[in-house]
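Each of the next two complexes has chain A plus one more chain, namely chain B in the first and chain C in the second.
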Partner chain A sequence: MSAARRVAGKLGGLLLTLFLASLLVFFSRFLVPGDPVSFLLRGRKPSPESVAAITAQYGLELPPWEQYLRWILGVLRGDFGRSLQYRQDVSEVIGDRLPVTLTLVVMAGLIIAVAGVAFGAIAALNRGKVIDRIVLIGLTVLGAIPSFVGGIVLIALFSVGLGWFPSFGSGDGFGDMIHHLTLPSIALALVFIVLVGKVTRSAMVDQLGREHVEVSTSRGVARQAVVRRHVLRNALGPILTVSGVLVAGLIVASSIVEAAFGLSGIGSLLVQSVDRLDFPVVQAIVLLVVFAFVVMNAVVDILEPWIDPRSAAGAGAR
Partner chain B sequence: MNRTLLRADAATLAGILIAGALAACSPAASNGGGADDPIDWKITDSTAVPSGDIDSFTFASYAEPYSLDYAYAFDYADNSVLANICESLLRLNPDFSLSPGLAESFAHPTPETWVYTIRQGVTFHDGTPLTPADVVASMRRHLDPEVGSFWFSVYQNVASIEQTGDDQVTVTMTGPDSQFNLGMGGSAGVIESAATLTEEGADYGNSAGGVNCTGPFSFTKWESGESITLTRYDDYWDDDLRAHSGEVKFVFMNDATARINALKSGSVDGSWMLPMESVSALTASDKGDMLFGLNTAVGSLVVSNLDGPLGDLRVRKALMLAMDRDGILQAAYRGVGEPSDVLTTESVWQEASDAARTTAFDDVTHYEQNLDEAKKLVADAGAEGAELTYVTAPISNDFSVISQATAAAAQSIGLKVTVETVTPNAYTALFSDPSAREGVDLFYTSWYLSSPDPLEMYSVLRTGDFSNYGDWSDPEFDALVNEAVTIDDPAARSELTAKAQQIANEELPWLPLYQAPISLYLGERITGVQPSVAFLYYPWAATIGAR
Partner chain C sequence: MTSSTPTLAIRVLRAPRRPRPRLLYWTAVVVLAVITLAATLAPMLAPDDPDAVDFMSFLAPPSPAHWLGTDSLGRDILSRIIWGGRTALIGPLAVVVFSTIIGILLGLWAGWRGGWVDAALSRVFDVLFAFPSLLIAIMAVALFGKGLWAPVIAMSIAYAPFVARLTRSLVAAERTRPYVSAYRVQGFGGAWIALRRVLPNVTPIVGAQSTLNFGYVLAELAGLSFLGLGVQAPTADWGAMINEAQSGVAAGQLLPAIAPAIAVVLSVVAVNIIGEELSDRIGGENPA
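The block that comes next holds the complex of A and B.
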């Protein structure tokens, strides 16, 4: 199978997944009780003309399939509709909050990658020893801390106690934003470090026992080079696969961290939009998360053969 | 006109207030005195005049406004910011009196017409002058079905709004309506530049479009979800309310604990409406002043089903007599507030005659807790074992205290109450969606008045009114209120309103529980503001300067 065909196949799968997700996201809203119009006219005693006019403004009088068609055609043109709660274009509402969440996710991702791989490697290289035990137990304990608890502990320690970091807001300008987002990204990363750490450890342990590693070692290749060239590189496959799944998980988990640190991001927006029946915003965010998830997986699938040619050659090859 | 505390914005509040409720049980909240000690409180009319100007100050709000469009400004979060940017035809002062605003005077030549003379020399923040055309355009928006104004009820009897002179606008009503003009001190009377309304269209008032009004501060920046910054408007027309601060920044802190921490650390200078659980922690920090001001809100239980057991007046009375209202005040507000037997506060009766006040507040039934009498009433009604459904939401500490207290009171007199907890948004729907109230007997509300007239409260309890949630009907009450609406003289009007208050006190369409003051925390840097619920419409931030 040529690389081009494989990429085309992936893209086709991606589009199909997004289409199915859009159906699911759109029609699930009709299962939720509550009338968006009563939210849009929540003053006292709206006039009947107003109820009709507002219903028509948001196309809520149309049959569901027609509403879907209008919505999906708009989405294809980049128009996600109007937010009911903010009376503003959804793309603007999300665009205003996306930088915070993206920065948070990227920072957390870096922390997860560096810390997770480091801990996993340390444990794998010291397999069975005390250090391995300590790392494993440490990771398990970390993994048991929910991010909101982690957030509160971090605030108590580093904001209120030591005063090193601010406890709320996202700051002005890039440097200030990094400063503001340090604690939230650590709180967000905690649980995921465990996942990456454990996957790294088991993948490396698996590779360490392989023949080619033993052969290299017996031929006198330096330990560092063996680990770098043969162990870590071959272990990257599973690590990469897990990382793809992580990205979407990070966006969703950010809602909890954003709430704890008073950040205005996509996660907290999603939570409040669900309660306020702001369907256009909910639909856009869910689609965004699905998109990020699917794209990350596709990227991992496409990258994998370059990192590990065996996966392209087929499962039988060694 | 009437708005309910924690109604429109219940959803946003949920986060912070739940956190507030949690903080009540945490040791952190109880430092500096027993967590359950009553708070020593008194009403403060005004704080010291500023010693000078300051560059800027920061105020924390429990929620972000949905919009700064005056047509949708219907809650604490929206109005407390907007009040400093946009002005109305009349001005609602901190003592809850009305005085001229953008209308330098008004006349009432016939029972059906209100004529406003527009003030000269006023400019919008973009420098363009205020004209009667702006007034007409701003007011007509409330009648536009496409806008769907939250303030339509103020305009429900308006037939036309026309410019009738170089500086004159005439509003013609379909019949005599004393309440329309009283509403012009609130959001319903806000004037925006007609050009801006056309230019911004659907984006008017949102974080991208912003607003362009005449107030002491101009809109500068809205960072979605985080803050709104206002800047002093140097060409403001009223020298008495020229802003003492060059800038004011409102930060949104949905988490009550975060808000309290920010106030304690001094990173935020002040905040309205603090959870009472945090008051002892704030006063202990000694960094500023905890103040209590005039309010118009009464906390009540809405009887939303008169076809059930509560359809019998004896059962409503029994429940009222069984409630431990002092206990509720103590548990929910640390004793800040007073039990109330009526649905309005004396603060909205300022223009009333002495006789009316006596009728309204002295010649009414005072429901002292009396379990024996309550049990007897339940027995007379044959309602022992009757089941009631009470709907509440996890919004704040008072919501849970009152639901538990109601259930306990009902149980003590042989009634059964099922407390159903719904999401804040579903609770909000109780106030606008009749289908949401099906099968619901009781829910709590803190209902505040936006105009200085108690009739605003009683006009919503007329037969068939949108907010008459239990479809209560009393012909004598309806006749009194309908007649009062047509009377212009406030003293004469108040005598009829007082009788309506007596009927509501006797018939209990809603069960009044208590009234509590509005709370305000001012940090050590700032002073000048007059604590009052008028902060929703009065440019209070302009009065704040250096201590």
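The block that comes next holds the complex of A and C.
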């Protein structure tokens, strides 16, 4: 199959998944029994104006499929409706908070990639030895530390105890923001390091037992070069795949970290909107997270053959 | 996976006795047993009423009267942790049981029927995989309100596809085994073979994998009540306790937040160690 056809096929699957996911996000509201106006205006005084506004925004007088059509056509133009708590466009509210969350997720992603691959590699290269067991047990414990627990421990140690990092807010300017987001990104990364670490270990252990590694070693290639060129490179495929899956989880988990560190990103916005019964914002954020997941997975799928040409031939490690 | 792979029973019997020390595993079993027992017997074990407010001592340090001190409302922390074990364990248990039942049935259907059923269900699972479980739980709260049960039902749906995918691949492999055709030749119906013979063969492997979900769900539900979206005050719950005590951390009041945090971490570590051991022992090889 040619590369172009393969990419086109992937894009088709991506669009179908996105379409089905949007149906789920939109029609979830119909699971709530009762009148949609009173659901959408829960906790607010249903004045004639607000009832008229919400009816117009959702097109509630139309049949369900037409409501969906209106909504999805708006979403495609970047119009997610209006926030009930801010009386502002949802896209503006989200746009204001996106930079903090994106920086947090990117920083956590870097920590996860570096620490996960490092721990996995150390364990794999010492397979069966004491170091391997220590790393594995360490990863199991690390994986059991939810981000809100990690956050509290980090605050207690590094901001209350040592005073190195702030415990609240996201700071002003880029450098200050990195400084403010250091502890939150570590707290966010903890649980996910385990996944990448374990996948790295098993992928590398798998490669270490293969013939091409044995052959290179017996040819006298230096151990370091064998590991870098033959083991790690071949193990990248599975590592990349698991990383693609992680992104959506990171965005959602950042809602907990943002709450623990008083950051105003889209994670804390999601929680706050659930709390203040602002359904349009909830819907928009859920859709964005799903979009990020689907797109990241498609990108990983499309990139995979360049990293591991065997997977294009359908004979990869899948 | 071809028909030459032995059945589960033989695989368990043949599993090599690894010389690996079991100390860790048994420690985990003991820890989990203690936590479960404490939660079950909370009315008898807890030294205090978890909701009783002691007006004489707010944020008191550990003392003979309050072994772990009191929280900002003067409530005994140890008693709240013992009682909090109830919601902490019952939620994940329900999610694991529900998601395993739904997932096994759907996976059995997809793997046994194959064809369009399989294709359609796989597509549905693909869509559900795009929703992280915590997100589905938060959405359920947005739709149906705060509390323990809306997130539990939502997470059962979120975890079911993982179970179903594993079941599907196991069942698809099992379908080609000689014993299945032997039953067919004898005139047994497909549904009977699937439910009475194939299902019992795949259930232990799937069940062992499902126990691994318990820890994740426990952490996620605790996170949800930390966010104020799960179990509601004044019910004692570990996540909610951490949330209430969080502001004290910056002021150096560590114990009210750290004590429930340790309870969460200990439970998750114990469950994960047990789950890994079980799936190692029963799973043998993972065809997924």
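Here are some notes:
Note that in this section the second predicted complex is superposed on the first by the 279 of 318 C-alpha atoms of A that agree within 3 Å, B and C clash if a C-alpha of one lies under 4 Å from a C-alpha of the other, contacts with A are read in each partner's own complex, and residues count from 1 in each chain.
The criterion applied here is as follows: contacts are C-beta pairs under 8 Å (C-beta built on N, C-alpha and C of every residue); 3 or more make two chains touch, one makes a residue touch a chain.
Only a predicted model underlies this, so the values are computations on that prediction, with no experimental measurement involved.
In the superposition on chain A, A:Gly249 makes contact with chain C only, not with chain B. By the touch criterion defined above, A:Ser167 reaches both chain B and chain C.
Once the two complexes are overlaid on the shared chain, A:Asp275 sits against chain B and chain C alike.
In the superposition on chain A, A:Leu20 contacts chain C only, with no contact to chain B.
Contacts of A:Ile137 after superposition: chain C is touched, whereas chain B is not reached.
Judged by the touch definition given at the top, the superposed model places A:Ala259 against both chain B and chain C. In the superposition on chain A, A:Leu31 contacts chain C only, with no contact to chain B. Of the two partner chains placed around the shared chain by superposition, chain C is the only one that A:Val289 touches, whereas chain B remains out of contact.
Within the superposed three-chain model, A:Pro146 lies in touch with chain C and out of touch with chain B [touch as defined at top]. Once the two complexes are overlaid on chain A, the chain A residues touched by chain B in the first and by chain C in the second are 160, 167-168, 259-260, 275, 277. Across the complex, chain C is touched by residues 16-17, 20-21, 24, 28-29, 31-32, 137, 140-141, 143-149, 152-153, 155-156, 159-160, 167-168, 191, 245, 248-249, 252-253, 255-256, 259-260, 270-271, 273-275, 277, 279, 282, 286, 289-290, 293-294 of chain A. Taken in their complex, chain A has these residues touching chain B: 33-35, 38-47, 49-50, 52-54, 57, 82, 85-88, 92-93, 96-97, 160, 167-170, 259-260, 262-265, 268-269, 272, 275-277.
Those residues of chain C that touch chain A in the shared complex are 24, 123-124, 126-127, 129-132, 134-135, 138-139, 141-144, 215, 219-220, 222-223, 226-229, 239, 242-243, 246, 249-250, 252, 254, 257-258, 261, 264-265, 268-269, 272-273, 276. Those residues of chain B whose C-beta lies close enough to touch chain A in the complex are 1-3, 7-8, 11-12, 14-15, 66-67, 69, 72, 74, 145-153, 156, 202-203, 205-208, 223-227, 251-255, 258, 261-262, 423-426, 428-429, 431-433, 460, 465-467.
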